[in-house]
Structure formats: structure tokens, C-alpha cells
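Below, chain A partners chain B and then partners chain C, in two separate complexes.
== the complex of A and B ==
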């Protein structure tokens, strides 16, 4: 179960502060442990994507198996805006977010009357439609070749400008700032009345309806928001990769985000998706250095998690912590005194 | 004029007629019972009255306003709450959180995304007051799925009451309850009687006849008799409808 929405009134909890502080230091040690700065960029971008996706799956209980479409739309929109409108980072990011949100709103308006397997199948169907368009609409998307030469535009704050193209460290800190904003924003959102209703919908949609809430609007809004965040992550990904390809919109790429979220424990923890992203990308790089069949091992790990610990890594950590507290931190009952002593 | 009125309700699923010319009028603060054998159409009637199904024909008015064909959420927002025969709770939420979810204050701020619910202590206090009314104050922090069957039934009613309705529909609230649970429920309903307009489907005729001002008998999707409990005891149609002994 996800923590009660009444769990914290704070905007920044100790856990958030510690995670952000730790992530802020990554550029100082990542190469010393044999990894590389771009991996940090990727992890943060996918974490933004996974947090947005988990609003749907973990919080609202809506399984979207075609979410790669919105990630891809964000990536393409970022590149197209840069080439055809204005090469300004903020404008291009806003256009990417808006394009993904628009696509999400359009799709959710059709499918939000459905639930369960019908909802899931419709998300796949629409995801495939967008993927097909990205491949076939060659004049706009570049077809299977994708959009190339997308620039890492400078972050212009008026008085000061940061060049994000010169090094992956600069890009890392930009993506880190974006991650921090999304993280804190979503933490507040899931603890708000709105977030509480999303969780109520996951538990019992019928009851929510009979309490006077318009479930359809909540589903449409959360799908749109999730798509917008995915589009934002997609735009950052296009900037990081300096290109956009239809591959990220494919069914198997949409499957990755589902796997990351479930393995990490998105169904039981706010942090689950982030944990899942770390597990997935570190497996890719560390196991991938040993064998090209890394996906086989991750798939096996996924199956084992789903069979024996469906709450994911976050659920495992939670149980271990609770067990530790029960064993070592619970005061033992006071010894009964012998009345005769 | 009746506060809640249904007239000439028809409901059919395909070729099957489930409700036929059902009329129901409920005065403000009246306690109305609905009885009938299994499969007679009582719950379907509730589902039509609360917006889950749209009637094939007929009209439903509430406080003089035509609410036929309104969605369940629109009907709920007008002040009509219901409980369910098969329990419908938020199992992972505590009893307190279940009640908070139903409160009009919560509904009023449902689109607020920048506000932390935990800041609103008044919601907790109001929810605990409702829970106290149904005897669940001591279990406010217990998750709904960890409550006993009787407590879950009481929570169903608490959730319905939390919305501060003008009309409360209760669908077999004693279903599955033992003698002590029934007695507790009867006490609660006695406290509510006269303060709230209540429509209740119930198989426990002794309980219903001791509480209701008027009772409608549904058989084969039709209202075959209606009147006060005393009038119905002598009704030949009711005697023949296999409802058990009318006390």
C-alpha cells in the first residue's frame, strides 16, 4: 500500500533532502567508481519519466502500456520546435510538454470511461498508432532515421546563461534541477486532496463516483499530467541524445517503464519508480559489460520479483526495515517481579 | 410535497423487464422501507434512483428538481447518499480516511494540488465525530480491510453519513450481521430517524417494521403494496408474497 496521503504535510521531507543532496554530489565521484556522467543524466531523465508514469499506475491504478508514445512525442516536439519555431530551450521544452499533454488529453478522453484490461489495451492501441505515425510520417519525423542534430540549447536565465552542450556535467546539473522540481512537485501532489482522490479511484472507482466525484475528469487530468511529465522527460532525452527516434515510442520501450516501476516498487512507494530506474540502468551497464544477454537476467529478476515480492524492491526494503524495528527497537516487556522479593 | 419522488419507473435489460411502473414518494425526515423477495428488483430500484442505471421510462424528482438521467456523482452532490449491499469501501485507507473522503469539504477542495491534506486537522476531528456516531471512534486509525465485518458495515453507513446527505439510501445494511450487530445498527438508525430522510431495503422485517413510517413491497419489479407497517400486516398480497412472518 502507498503511504497514507496524510503522511506528510512537508514540502521537502528528510528523505527528499537526503536523496537530492546525494544526487548533487554524483559528478564528483561517478567516474571514480568506474561509471560515467552520462549514465547519471540518463538515470535522472528516466526517473522523471517513471515518476510521471507512476502517477497513473501506482497512484491511480491505471495501467498504461503505451506510455512510450508521450515520451517520444516530447522528444520529437522538442526537436521540431528547435528546427522550425525558435531555438530557445524554454520555448522548446514548453512546446514538448504541451504536445505530449495534448496527445495524452486526446487519448484519455476516449479511454477514461474504461477500466482494467480494456483501459490497458486501449493505451497499447493508441501507443501503436503514435509509433506508426512516427515511422511513416517521414517528412516530419524523419521516419526510421529519426530527427538528428538536435542541439543542447543553452539555459538562458536572462542575466546568466549556461552552456549545456559543452559537457555532460553541465547537462547533468540541468537535468538534476528538473528532477528536483518534478520530485518535489509530485510529492506535494500525491499528498494533496487531488492525490488522495487518485488513490481512492485506485481502490474503489464505484465508491468515488457515488461520493460525488467525477471520476472521468480525474482520470483525464491525471493521464494528461502523466503524459506531460513523460513528454518533458522525452524532451530532455532528445537533448541528451541530440536526436529523437521512433524506437522510444515502441511497445517494448513502453514495457521498460512498466518493468522499472514494478521492480522498484511503485505500487507501494513514492520512491519505487526511482529505485526501479536505478536497478534497470545499472543492470544494463554492469551486467551488460559482462554479457549482451543482460536483458535476459533483468527479465529473470523481474519474474522472480513479481512471483515472490510483487511489492518490488521498495516493498522488500520496507519489510526488512519493519523486521529490524520489531526485533531491535521494540522495548521488551518489563520482567514480572516476584511478589515475594 | 414529497422531498424525493419517483413515478412510473420502468427499467428493462434487453427483453427482460426488471421494474415496471414503480412509484415511490418520500417526505422529508420520513423513514421508508422497501421489502420484497430476492430478485424482486429492490436493488435495481436503488440503482435507478441513485443514478447507476438510467430508467427506460419514468421520472425522479428531488426537492422539486427533475434528477432523472443525472449521473451518480451529480445525484450525490445534490445530497443523496447510499450504502451498498456488497460493501464498497477504500480498503487500504483507515476508517478515518474513508470518512474524510466522503466529506463535502474534501470534495470542495478536490482539485487542489498544492495543498497538503495533513495540514487540515479539522477534517480529522470531523471524521472522528462521524465515526463516534456509529461506534467506531476507537478504531478510526484501523485500515478498512482490517476491520471486522460488523465494523465494516458500520463504516459503510459512516461514509454515507459523512457526506451530510438529505436522503440516505441503505441497501440491506444488516446483511451478514449477527444479533449484536443488528442491535447496534438499530440503535444507530433510531438516532437518525426523524433527523434524516431514510430509504432502506431490508430483509429483517422485524427490524424494518419497528423503524419505518411507511413500507413499499416490491414483487416481480412492481410495487404490489404500500402503507404503514400496521396496514401491511393485514394486506393479503403481502401475506402471499413469501416474505416471511410480518411481526
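== the complex of A and C ==
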């Protein structure tokens, strides 16, 4: 269902270039259309998180319902490293990524021999364990209030230093750079031989085993990588929010990332998670301005998507495009879908 | 020593029975239909809210029910709530089943995701209708209050609830194991083509099982409301222990889930004696420990959900 790997061997496709260019101009127009720069920061952070998550759900076919845990661990680790070790952005980010990766490796070592629903249920159990610890371990995590007063550390490149705390625009460009790196890195990864094996695992785990690959190892490694990316997003989130709190680790928030990824079309498209994050956060802000029950409407939308179009918005767009091609460009013998189907 | 632990043991046992009661409907649906109903928790909450409206207490809750109704004795209102609220929830449950039909035969993940979405919608609807505040469900005088035994105060309601749970578990077991309906339902889960070939309307059967499972969810919600409180979040708080004991007991095993519930209840009760803050964590650790050694839980059998 996902685009076949050899179709786009390039490091940067036109789509990536256009999206990045468009996002780079966001600070110049976002306030003119009535939104605010912090929304851009949030969208990019959640997009990093969703892209990392979709590596599991969309590419490897592993449903994780406790992924908020790794996002939260990244956020807490970022805050704790800043308070207790050294207030240096790079060190704190690395510690956050490492902490989340460690937690992901630990969990996946326990559950990677499981499949399907059992896998999903076990990720819920582990997610709840981490959530529970974050609430109860007051002396470390600050309990239900979380860690407060996390600083937006300056980005120090040796020769030049950027102050990220002064404005949301500075933070936006930092998060934008992080997003660009993750986006290009993941695009490269999913089109690598490693990424192809992940997709093979999604299609038929047993057959991959017969081909001589250690499925367990691939599952553990991709879970760890996904947790690390989530932790990275969590650290950026802690910086954006200047706090880390247990809410993001709850079952609800873990569910939101699943919803975003699926609504956008993570099952069929590399861009699905990003589309879903846009849909989710824009619904929150635009519908949320009209009614406090915006989640009701988004939930309803999600139910409809699950019922009628599990391929999500990306799947809808693809169908429309195919339909358009079939209708107006049929004289050419291009390999398009049969118009009757 | 043992006498000191007695209240914790009793507490654990009653909690175990309550866990089993919450899990009962979830278990029925997953065991007989191999569908994960994540909306179980929201329907559980909905049962409690419907009962709240019927039993009353606050005038603002239910402008559409006449004043005359609330002059009736509380025992009558409570008894009516215990019948009517689950019946209403069962109708909603049927609606959920009709929606779920589209996911049958697909990856079981879609059923799970769909019910997650439905759970969210129901929870948000609850927030919209009844706001986010906490409510207390009134209970008849006969089952509320407490009594003193062995120099300790015991809650009467807790024993009533645990007893109710035990009876409900027994009745559901009798229904599944000892009646022809139960036999047909089990056969439907086992080999649905054969059941269809015998001329049984399977989709009606599934509708019925789903309605029954959600009815049990609502009953559990009403019984637990006075203990756990009524708030929009109560559904999530309930569905997590429910799925936990089912995975622990082994999907598809009735007594596995009941034993797992009692085990979890006792564990929470006993760890509560030493570290009350952390007592709930112990059941997650137990689950992880057990499933590491026994992949299908204590008494699990192979199921479709593993594919």
C-alpha cells in the first residue's frame, strides 16, 4: 500500500523540498491569517513525534498504544538533565533521546515476540506503568504538576549562538531544522533495505523469518528508534512548553497520536502523519474557537474515517487524483486504475 | 500479624470481585466475538450517568423527568435505575456493534481503533451533557453506611457490591455454559460457517452478545459508581484494569479472567498495606511478569487476535 521503495531513491524529493520551503516561510504569514507562531512550533513537534510513531504503525505494522510514554520520558529527561547535569541544549537533547531509546529498547525486548492485538495490549500496559511512575514519583517528576520552569536553552554552535527563549520565531526555526533532519532521515530510512524489511514484516512476519531475517531484532531496533524520535519530540515539547507533565503520557494522549497518524493516512503515505497532525491541531484551534467540544467532532471524524476510509486523508487524496487521471487523462495508455473500479 | 492484614485481604478480595465485574462484559465480547471493545469503559461510565439521572438527587440533572418520580422511595428509584440504565446502554451497544460490522474479517486492529474513537466520542458527549464535575450516586439506606467489626469500620456498600459481583459472575457463567443460547454463542465463536449452515442467524447472535456485554458494562458502572465516583474519566480508569485482567487471565478463558481479577485485587490489597501509593503499579508488574513467562496469560488459548 505504501509507495514502493525504489520509486524515489533520491535523498530529497520535490515534495520534501516544497514542504520544507513552505514551512520555512510560515513565520512571515502565520499571524496575517489569524494564527500564532506557537501553533507552528506545536505542529512541527507533533509532526516529528507522529513521523517517528508511523515508523512502527504504518511501516512495520506494530500498533503501539503507549507511545506517549517515550514522548514523556524525553520531556522529563530533558528537564532533569537541565536541572541536575548541565544546562547545555545539545547534552540535554542527547540525554532525552537516549533515555527514551533506552525505555523503548527495554519495553520492546519484552514484547517483540508478540503480534497484533497482543502487542498493542502490552504496549498499553507498559505505557501505563511509565505514566503511573511519572505521577507517583514526586521527588523526581514533581507528581501531577510535573517539572516546571524548564528553560529554553540557547542553541550554541560554537561560532554563533541563538537565543531560543526570546521569541517563538527563534524556537520555530530551531524546531523546523529538527523537523527537516528527522523528515529527510526517515525518508532515507524507509527507502533503505532496512526500511524494506520493516515493510515486509508488516506484510508477512512469518515469511520474513523464513527468508532468514531476525524479525525480533528488527522489531526491537525499530521500536527503539521510534521511541528515540518520540523522546526527541518530547524534549522539544518540554522546551516549547517550558515544562514537562504526566498528561502527555496518559492513555488519551497515546491515543491521540494514533488518531492523528491514521486520520492523516499513515497506513498508505509517508506524509500521512504530518497531514494528520495538521488536521488535529487545526481542528483544535479552529473548531475549538467555536466550541469546547472540538474533541467530540474530531472523534466523530475519526470514527467515520475508520468506518469508510481507513487509509485516511492521504488515501482520499490519492483516490481523487487517480479518479481525476482516470477521467481526464485516459487516452494515454498510462498504468492508471480501471475507471470502473 | 495475620489479623493486621485481614482488612487488607478482605479489601483485596472485594476489589478482585469488582475488577471481575468490570471485566465481565469486556471478556464476553472478546472471548465470544474476538473483538476488542475499547468503548467498554465509556459505556460503563454511561451506565453510571444514566443511573444518576434516574436515581436523581440534583434537580438540574434531569429536567425532563417529572417531579413526581423523585418523590418515590430511593430503593425503588435505585432498583429501576439498575434495570433501565443498562437496557438503554445496551441499545447504544447495539449501535456500536452495527458500526463494527464493517471491521469484521479485517485486521482486528481496526475494530480496536474504531471502538477507541467511539469511546472518545461518548466521553466527550458525557463532558458536554454533564460537565466535567464529580457526582455522587445515592444508594438506598439498607446498603449504604458502615458497620464496626474487630474495631474497624467496614463499608456495607463494598460488601454489597462484591456480593453482587459474585452473583453476576455466577449467572453469566451459568448462561454461557449451561444454556442452549450459551452453546450457540460459543459455537459461533468457534466455527461461524458451521453455525450459519445450521440455520442460525449469526449477525443477530453477535448483536445480542454485544448488547449483553455492554449491558454488563453499564451494570458494573452503576455498582461501582458509589465507590469510584462518577466523572467523565471513570471509563478509562475502568477499561484499563478490565483489559489487564483479561490479558493476564488469558483471552478466551472465563475462569482465567476471574482468577486474574482476584489475584490482582489481592495484590493491590496487600501492596496497599505496605505502599499504598504504588499499589496499582503492582498489577502491571504482575502482568508483565506473567506474560513474559506465559505469552498467552495464565489460561489463554490460541486466538484469532494473534495474527
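Throughout what follows, the second predicted complex is superposed on the first by the 331 of 341 C-alpha atoms of A that agree within 3 Å, B and C clash if a C-alpha of one lies under 4 Å from a C-alpha of the other, contacts with A are read in each partner's own complex, and residues count from 1 in each chain.
Here, a contact is a pair of C-beta atoms (placed from the backbone, for glycine too) under 8 Å apart; a residue touches a chain by one contact, two chains touch by 3 or more.
Source: prediction; values computed, not measured.
Colleague: Taking chain A as the common reference for superposition, should the pair chain B and chain C be classed as clashing or as fitting?
Modeller: fit
Colleague: Figure out whether A:229 sits in contact with chain B (first) or chain C (second), or with both, or with neither.
Modeller: So A:229 meets neither chain B nor chain C here.
Colleague: A:200 contacts which: chain B (first), chain C (second), both, neither?
Modeller: first
Colleague: Identify the partner contact of A:121: answer first if only chain B is touched, second if only chain C is, both if each is, neither if none is.
Modeller: The second partner, chain C, only.
Colleague: Would you check which partner chain A:113 touches, where first means chain B only, second means chain C only, and both and neither mean what they say?
Modeller: After superposing on A, A:113 lies in contact with chain C but is clear of chain B.
Colleague: Using the superposition on chain A described above, determine whether A:259 touches chain B (first), chain C (second), both, or neither.
Modeller: Second partner only.
Colleague: Between chain B (first) and chain C (second), which does A:303 come into contact with in this model arrangement: first, second, both, or neither?
Modeller: Once the two structures are laid over each other on A, A:303 reaches chain C alone.
Colleague: Could you tell me if A:189 is touching chain B, chain C, both of them or neither one (first, second, both, neither)?
Modeller: first
Colleague: Once both structures are overlaid, what angle do chain B and chain C make about chain A, taking C-alpha centres and a multiple of 10 degrees?
Modeller: Value: 80 degrees, nearest 10.
Colleague: Report for A:133: first if it touches chain B alone, second if chain C alone, otherwise both or neither.
Modeller: second
Colleague: Look across chain B and chain C in the superposition and give the shortest C-alpha distance you find, in Å.
Modeller: 13
Colleague: Which part of chain A faces chain C closely enough to touch in the complex?
Modeller: Those residues of chain A that touch chain C are 63, 110, 113-118, 120-122, 124-126, 128-129, 132-133, 136, 251-252, 255, 258-259, 262, 293, 295-296, 299-300, 302-303, 306-308, 310.
Colleague: Residue numbers of chain C touching chain A in their complex, please.
Modeller: The touching residues are 36, 99, 102-103, 107-110, 112-114, 116-118, 120-121, 124-125, 127-128, 236, 240, 243-244, 247, 277-278, 280-281, 284-285, 287-288, 291-292, 295, 305-307.
Colleague: Name, in rising order, each residue of chain A that touches chain B in their complex.
Modeller: These residues of chain A touch chain B: 1-2, 4-11, 188-189, 191-197, 199-200, 203-204, 206-215.
Colleague: In the complex of these two chains, what residues of chain B are touching chain A?
Modeller: Within the complex, chain B contacts chain A at residues 50, 52, 71-74, 76-77, 81-82, 88-94, 97, 101-102, 106-107, 109-119, 159, 163.
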